[in-house]
Each structure stands twice: as C-alpha cells, then as structure tokens.
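Here's a structure for you.
Labels A, B, C and D are assigned to the chains in the order they are written; within every chain, residues are numbered from 1.
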Amino acid sequence: MPSAQPSAVSLTALLSGPDRPGLVARVATWIFERGGNILHADQHNDESENAFFQRVEWRPAAKADPAAEAAAFQDYAAKQLGMAARVALSSERPRVAIFASKAGHCFHDLILRFRAGEMRGQLACVIANHDDLAAAAKTYGLPFYNIAITPKNKAAAEKQQLKILREHGVGLVVLARYMQILSPEFLAACGCPVINIHHSFLPAFAGGKPYHQAYARGVKIVGATAHYVTPVLDEGPIIAQDVTHVSHRHNVEDLQRRGRDLEKVVLAAAVRWHLENRIIVHGNKTMVFD
Amino acid sequence: MPSAQPSAVSLTALLSGPDRPGLVARVATWIFERGGNILHADQHNDESENAFFQRVEWRPAAKADPAAEAAAFQDYAAKQLGMAARVALSSERPRVAIFASKAGHCFHDLILRFRAGEMRGQLACVIANHDDLAAAAKTYGLPFYNIAITPKNKAAAEKQQLKILREHGVGLVVLARYMQILSPEFLAACGCPVINIHHSFLPAFAGGKPYHQAYARGVKIVGATAHYVTPVLDEGPIIAQDVTHVSHRHNVEDLQRRGRDLEKVVLAAAVRWHLENRIIVHGNKTMVFD
Amino acid sequence: MPSAQPSAVSLTALLSGPDRPGLVARVATWIFERGGNILHADQHNDESENAFFQRVEWRPAAKADPAAEAAAFQDYAAKQLGMAARVALSSERPRVAIFASKAGHCFHDLILRFRAGEMRGQLACVIANHDDLAAAAKTYGLPFYNIAITPKNKAAAEKQQLKILREHGVGLVVLARYMQILSPEFLAACGCPVINIHHSFLPAFAGGKPYHQAYARGVKIVGATAHYVTPVLDEGPIIAQDVTHVSHRHNVEDLQRRGRDLEKVVLAAAVRWHLENRIIVHGNKTMVFD
Amino acid sequence: MPSAQPSAVSLTALLSGPDRPGLVARVATWIFERGGNILHADQHNDESENAFFQRVEWRPAAKADPAAEAAAFQDYAAKQLGMAARVALSSERPRVAIFASKAGHCFHDLILRFRAGEMRGQLACVIANHDDLAAAAKTYGLPFYNIAITPKNKAAAEKQQLKILREHGVGLVVLARYMQILSPEFLAACGCPVINIHHSFLPAFAGGKPYHQAYARGVKIVGATAHYVTPVLDEGPIIAQDVTHVSHRHNVEDLQRRGRDLEKVVLAAAVRWHLENRIIVHGNKTMVFD
C-alpha cells in the first residue's frame, strides 16, 4: 500500500439504500465530472430486499480539498440519490483501544500488525481487567488501564472505561479475548463500533468455554468468529470466520492452541477491513468488500 | 489399494476398553507369535477416561485361516485383555443400501466411487421416497424401491424398508440426502449402522433448511457433516466435516450449489472410513484412524 | 440461477483496454440512458500496466432487442472508449466438447453438473482416444468418438477431431484428463478456447506423472490446476487451483485418489466461470470475476 | 501440555531401519517388561523400501532413571533390532538460535510462542545481518548479534556465527526469514539441524523473490514451506506447508502480507514438531508423527 502523501489522498464511500436504475452511472458520473478517478468500485444488489450497496474508492482532482469532496459526496448521495453514505479519507487513522484480559496472543498479534503498518489506524490504549499484560503494554509504549470487574462494580467500572475511551478519542474498540460481557449501557454510550473475537465457529458454541463445548460434541473442525458486538451475546453481525480440522487426538488444550492461531488471523482481518472501510452492516449481516 | 487376493487377506481389529499397562505389547506379541505381521497400528489413550482404543491391521501367517484368526483374536481380546474387539477381513465387502429422495448429487457421487473401486463394499439397492432417481438407478443396474412416506403410512413404510434391507443382506445404510427422519423403531430394528450427511457444520444449523438458516445468520463459512444416525435428530457421533468460505455475494442457491460439493466429499469419506474399519464410536464421539 | 425467460435476458460484457478517467461512468451512463439496469459490475485496474478491465452485467430495456444491444455496446466500446469488448447474452448456451482418455472421474462429474443445470452450456459430444467411456457416454445420450492417437497418425487424428468439433458447432473444448498433448496446429485451427485440468499445483510438477513427482519430492500438499491450453505445455493462463494436505502415510495411489476430488471441483469451477463469461485473459494471466 | 515434573518425565524414541516381523511387539514388550507405560505409538512401514519407522513415547517405571532408560533403549534398538534410534527426555529443552534479517514477523511470532509455553525448547540468542530487530530482541531479553554479511566477509562471518552457536550450546537453528544462504561449510560445521521458512509452495518458486514469481505466473494460490536446510538451496526435506487462495486483485504487496501469516504458522509448526521429536528424516523426505 502506498503511503498516504497529501496529494495522493483517496476517498472511500460506503453507500446503502433502496435500489433504482442508474445508481452506478450517477455515482460514477458525479465523481468523473468533478475530476475524480475511480480506483475501485464494488457493488452489491440484494434483489430480495431491492437494496443497493456500494463501496467506491476514488482519487479526487489534484486541486480539490479531499474533506470538502467527502462532504459534497455525502450530501449528493443523501439528497440526490436517497442513499446513506459514509465517506472516509485514506489519510484518516482512527484511534483504536484494545480490551484484554489475561491471554496475550491476540493482544500481541494486533499490536505487532499495527507497528508493521498493516493497519490503517493508530493504537490509543489498552484497557484490561487483569494486569498480566501491563508490562508488555509498557514495552510497546501503550497506556495500560487495569480496571478489575466484579458483579458489584461493573457499572462503575464501565463508566471508567468510557471515560478513558473519550479521553483518547477512540473510534474503534477491539476485544482481544476480553473475557467480560459489555453491558447494553456501555454499548449505547461508547459511540463507536466494537469488534469481538469469539473462539468458535458461531453460531455453534456461543457462550462460554467454546473449546470445551466443541471437544464434548466431538466436532472435526473448530473455528473462530470476529463480529461486531451488539447487546445480544455472540449474536452480532459476523465479519470474518475461519476454521481448522481437528481429530480425536486433540484434547481441549490442543484445540485452544490451534484456535489461538485462528483467533489472531480472523480478528486481524476484521479489524483491517473495518479500518479500510470495507464493511457495510445491514440488519444483522455484513458485506465485506475485500 | 491392493486387490484382495486370497493369500493377501489382512485382518483389521478395532479394540476398545479400559487402559492398562502392556496392552500394546500383548496385542503385538499375540500377532507376532502366531506368525502374523503388523501392517498398521494406531492407538489412542483417552487419559481423562482411562480408556484405550486401537486399530491394528495385520497379515496373518500364510497358512493360517483368516476367519479363524479373526475369531481367535476376538476371543483373546475379550478373555485375556478385557477389551471389546471387532475384527474384519480385508476381503469382506459389506452390502450397502443408499436411501435417497430427489437430489441426485450424493447418489451419483457414491455410486461412481463404488464403481471406481474406491469403496470396500458393494452396492445392494437404492430405497427412495420419490421416483426422480429411478431411471438413473436402473442405468447403474441397481434395484430401486420407491416407497412414499406420509405421516400416516410411515410405520408401514419403514417396515417395508426393513424387509428390503434384510432381503439384500444390507450391512450399512447411507442416507444420501434422504429427506425423511428415521424413527427410533427403524433404527432399533435395522441392525446395522446408518450414516447421514447433514448439509451444515453441525451443531450449527441442525434441523431443516440449514442453508437458509446459514444465509439468514450471515455466516462466512458453510459446511457439511457426516454422522452416524441416532434417535436424536442431528445429534449422532460426527464422522467427518468440511467447510467452504462464502460471502455476502452468495445467495441461498449459491450456498446450496457450493454445499453440494462439500456434501459429496464428506459423505464419501465417512462411508469409505466406515467400510475400511477405521472408525470407533465411543459415547457420542468417533475416533477415525485414517 | 433464474431460468432465462425471453424477457429476462441479461447481457454480460467483458471489457479490457488502456485505463483513463471516466470509463466506469461512461459505461454505466451508456447502459442507463438506453434504459438498461446494471445487475453486477466489477472492475479491475492494473496500475502497473495502466490497464482497465471490467465485467458488467445488465438487463436491457424490456422492449430492446438483446442481440442488437450487445452489438451496439461492442461498437460503442471499440469506437468511443477504445476498449475490446466481448458481449454475451445470458440465453446463450455454447456447445461443449469433452475430450477424455480412460479416467472417468472428471468426465462423469462434468456431465452430471451439466445435467443438474449447474452449467450455462450444452454438451455436444465426447472425443476420446480409448473406448473405456463409450458405454457411459451412450448412457448419457452423448455422441462418442473414439480416435486413437499414435505418433504416426497424430496429424490425421487431430484433423478428424477438428472436423467433429466443426460439425457439432463446438464453442469450448474441455480436456477432462485427456492424456494427449494437443499440437499447436490443432490449437490454432480449433477456433475456440480449450480448458485443461492438470493434476498438480502448477507450476510445480508440470509434465507427466505429477503425483509421482509430488510423492518423490515429499510435499505436504498436492493440488490441481485448471488452465487455458496454449502451445507451451502446462504454461497457459491459470483459471483455478485448489489443494489438499497429505502426509507421509499417503502413497501415490492415495495422492491420486485425493487428487481426483480436487480435479473434479477445480475443472468444474473453471468451466462454469468460462461459460458464465467471468474470465478475462490478459497476457498469461486470468482475471476471474466471480 | 503438562509441566515436566521429575516423576512425570516421558521418553520419546524415533526409530528407523529395515522392516521385519515382530518389531512392534519387541519394542512394546521391552518397554512393558521394564515397567514402562506407552503413551503414544505411531509407526510407518514404507513397503516399497521395506523400511520401518516408529515414534513411541512412554513413561518409564517410577523408580527408573529416565536417562539410563533412554540409553538402554538406544542400545537395545541398535544391538537387538538393528534399528537407529534417537531417544529424548520430555524434560529436555534444546537451546534454539533464531537467525533473522530485517523482517520481524516470524521473529516476533516464534519468540512469543516460546514465551507462551508452546515450544519445548529455550531461546538462546538471535543472530542477524541487520540491526532492525536489535531493540526488539533486547526487549525480549535475548542476546542479539548483528553480523553483516558481504560476499567478501562471508566465510569469516560464518565462523563468527558458529562460535556464537557453540558458546550458547545451540541445538537447533531457525531461519526466521534470514535472507542469506548458508554455505555447505557452515552446515557441515554447525552440528545441529537448521529449519528454514521459504515463502512459496516449494518446489514452485524456489530461489529469490517467490511472491514476485507467483504474481508473474498468475497463480491462484500462494504458500509457504518449512524445511530442513541442506547444501542444495530450497531442496531440503519438507516439514510443513500451507497455502492461501489469492486472486487477480492481489498485487505483490498483498501476496507478501497474506504470505506472512502463512510463514508464521508453518514455521512455528515445523519448529514445534522438531522440538517434540515428531520428525524422522529419511532420504529427502520427512515423516511427521503429529
């Protein structure tokens, strides 16, 4: 990926709304007539719902102000096309908070990917309910907040978490094997998407201890699922899934070890796609324009 | 796979029972002292249950009678080792009945594999509840029985099915997308294992219309599961599973089309393993010594 | 897939040529202004070559003549956009010839898929250099031509093959494990694309006996590759590939058995994509708009 | 994995040699008669070479000295069975040196796995030919040696590397995307196995810049291969391979990014299997008893 020089900023719009003839033409023509050049365009028509979805990425005219173009497009989409549009500049780097507990595999993996330049975002802080990862966070130069959660203090603890998110201007929360359930109040208040990694192939084995459940059922495949968090546990829109074959020779610890590799890759893909504005959520499903 | 010449018959034992020291040595020594030569030996210790499982395949002494050796081993295992043992001769070719409805993909796939020599069994007959596949069965030279099933006639229809299985000396029933539920009475009476292909990654999407369920949930992977049939629907011991990635671009018909390829391969693997005596069922789980 | 009713014919254009601003807009606008409605549009810009590729599928206006629209678009693309365009009607069903030798797995698999309605084409005939599949072809109701090939008669045999292709109006040749090399003269004369399945993960193990080569090298994965045939053996543009894991336990026969399942699925995908006009060949590479 | 308490030490033998009747029985009986209990036993007969290979893991009698048992077994195998045997104690933790250049993904991944307890070894040091990873190595508390390699100083530099390996008592060298070719002299002198990760599906794309080669050939799958290093570049015995699907949409950078995830997982599996004594090398092939 090229580094985002000022003159090379591109815009990415995610459009959704009722389908009608000419949408592709009108979007493309609007961009073309303002001197823009489409880099990628990908659309999806859901014929059963008569709905239209599009991800379009373009480079605006050299002398145009990208932010102004983004606003103009959003306005055009809403008023002329009747479409909801979210437009992002390729130079944007949303601030990301990682929530963790004790397990470090997704935590390390995500951070190393941000540092390697794989992610279009910047890490803001780590919030945990144990201090196991405090030293590692410090090594990475990341603010680390250890907020223990108990049934009694949960409401207060979540308020503290929300305050930290606001202070850091966080635009995305990633639950990197964070072993607490976020309350509906937290989700309503946090003001940004939350991505979780569940260590099973949802909807199989929702809830706690999925590898134990998988072992008990004797499945021949285990998986991992990254999804947006909604108030209903493990029921949010699925972003990415992957699986690996297992056999009777694998005990629960083996499933966990093999699962960790899946969890890392699946969560990283979901976060990357989100940060690259590749995901449209519609109802309880996602479209990933990868 | 070598053709089974009289002099090249091998024996395969599937052993299971409580673990104790020396089992591997005693089994191997028994075979060795009678002039046999072990071709493959694969074992599994379930430490949590202190249980021992083994698949051992050996070529008995040239002048030994394979059937007598099989009986002697079974006796030895039971009396001296306290183990349940099932011993099969490589020359055995169990007779297999295919149950089908309208869909032909698993039906054709299985039959072509038997004809290509991939399966250590022989096809006995096809039992269906529709006549869509009658002509194809005739082309393959297979007896075809069309027994319609209605809520009213189900008990009588199953009796008819059982009679056919007995007449053909069937040792394995394969449900090749047979869209009826076998009653507990049928399962108790049929006297042989029944393998089913379920068109989802169980335990996700058990029950009817799994591809519709998968589409509605927005999963990014669909799968197929072959399992032994038990009285509890879609809950029997899983033998084989496989999956394929899907995206928002795939509608229900696409999932079905992609799923058909999975169903064929997964069902064929399960049937092949069963016929090669590679599967031990323990509780609600399988060990597959492949 | 919907059945192609006269009123529901759609057009699919595959465009390629030098990139320049506004191509997406101009194509979409042309379609829109003539009353068409875009169903799918997928494009690819190769920035290193400044090349633009697009697959666009649209439903023309109800009263328009689809064939006339196709011709008009092709003309527009060439004259106004400077692009090569191939336009197909969704009602077209190209005639397909299967070339085979002795192995029947891809032969049966392809034919059953055509009969199941998975393929947008119609089978015209089978040409073989052995008679092993003659009876099966007859069962399927397909003309079968057995033309033995020897070093001496090859030129004459290929002339015979070409004559048959012409008589049947064949628009696609599929080599379903046909174990002869087509001469450059045949390829130049046959006037339609030829798709082959090679039983390895090309470019590894090109040439003969790839499973033996794979076994000798001790690889842990074997694969299959479908590609368009060019005069250089096993070097044509790759359309589809898939692989499966193997271990030291698998001998050459096992690799062949597992490979057969790959070959079937990979070849079928390539043929389906070709018949659905999803493939653009550029240089020695393909773009598959799936 | 259980922690290795003195009383819970197990022994793992890797046996290879000419096959003859009774080997399984004799090995198992030897262990049983000395009060040992077999935990796992896995064998492989290569019928084409009449060769026998076995991995057997057992817990010796509680009062036995594990090291003495290991020596006794090795002696028994050599003198009584005519087999080469390598016996390891589960308490052994070979010292591992990582060789790296600039890329950090395999470097970090391996180290984090050692720290998470996934590997039965201990990290000894990092040897690099660039200083990009110096700070990270320091953070991990690992000695870091930066030895630049030029055509002129290569022989001297390798001597320096060998000296470091000796000083650290290294028993395994892992090339974690080390971009230099080790000389035959180094390999002969280093006295321990060397595992490399090659960023392609070998034997396709051996040599330099495999992702560029893969892109140029237009393959639909890219892979990674872990193998033991031999004097012939990229020709050593393959331990593990994995692949991922790609399309025309992926440029070389995308292939590299996707490849990094493969490289990490494949290299880690190979190192883990080696440290758990699961690999027998025979000729230019491996058996992995996983």
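We adopt the following convention: a residue touches a chain if its C-beta (ideal position, glycine included) is under 8 Å from a C-beta of that chain, and two chains touch if they have at least 3 such contacts.
Because the structure is predicted, anything quoted here is derived from the model rather than measured.
Asks: With one step meaning two chains touch, work out the least steps from subunit B to subunit D.
Replies: 1
Asks: Which chain pair shares more contacting C-beta pairs: A-C, or B-C?
Replies: The greater number of contacts lies at A-C.
Asks: Which chain's centre, taken as the mean of its Cα atoms, is farthest from the centre of subunit B?
Replies: Result for the farthest chain: A.
Asks: Taking each chain's centre as the mean position of its Cα atoms, how many Å separate subunit A from subunit B?
Replies: Once rounded, the distance between the two centres reads 42 Å.
Asks: For subunit C and subunit D, let me know how many angstrom lie between their CA-based centres, rounded off.
Replies: 42
Asks: Report the inter-centroid distance (CA atoms only) between subunit B and subunit C in whole Å.
Replies: Centre-to-centre distance between subunit B and subunit C: 36 Å.
Asks: Hey, which residues of subunit A end up touching subunit D in the complex?
Replies: 1, 104-105, 108, 112, 116, 118, 139, 253, 257, 261, 265
Asks: Report the residues of subunit D in contact with subunit C in the complex, numbered from low to high.
Replies: Contact set of subunit D toward subunit C: 44, 48, 201-205, 217-221, 223, 237-243, 247-249, 251, 284-288.
Asks: Provide the residue numbers of subunit C that touch subunit A in the complex, in ascending order.
Replies: Per the touch definition, subunit C meets subunit A at residues 21-22, 24-26, 28-29, 31-33, 35-43, 45.
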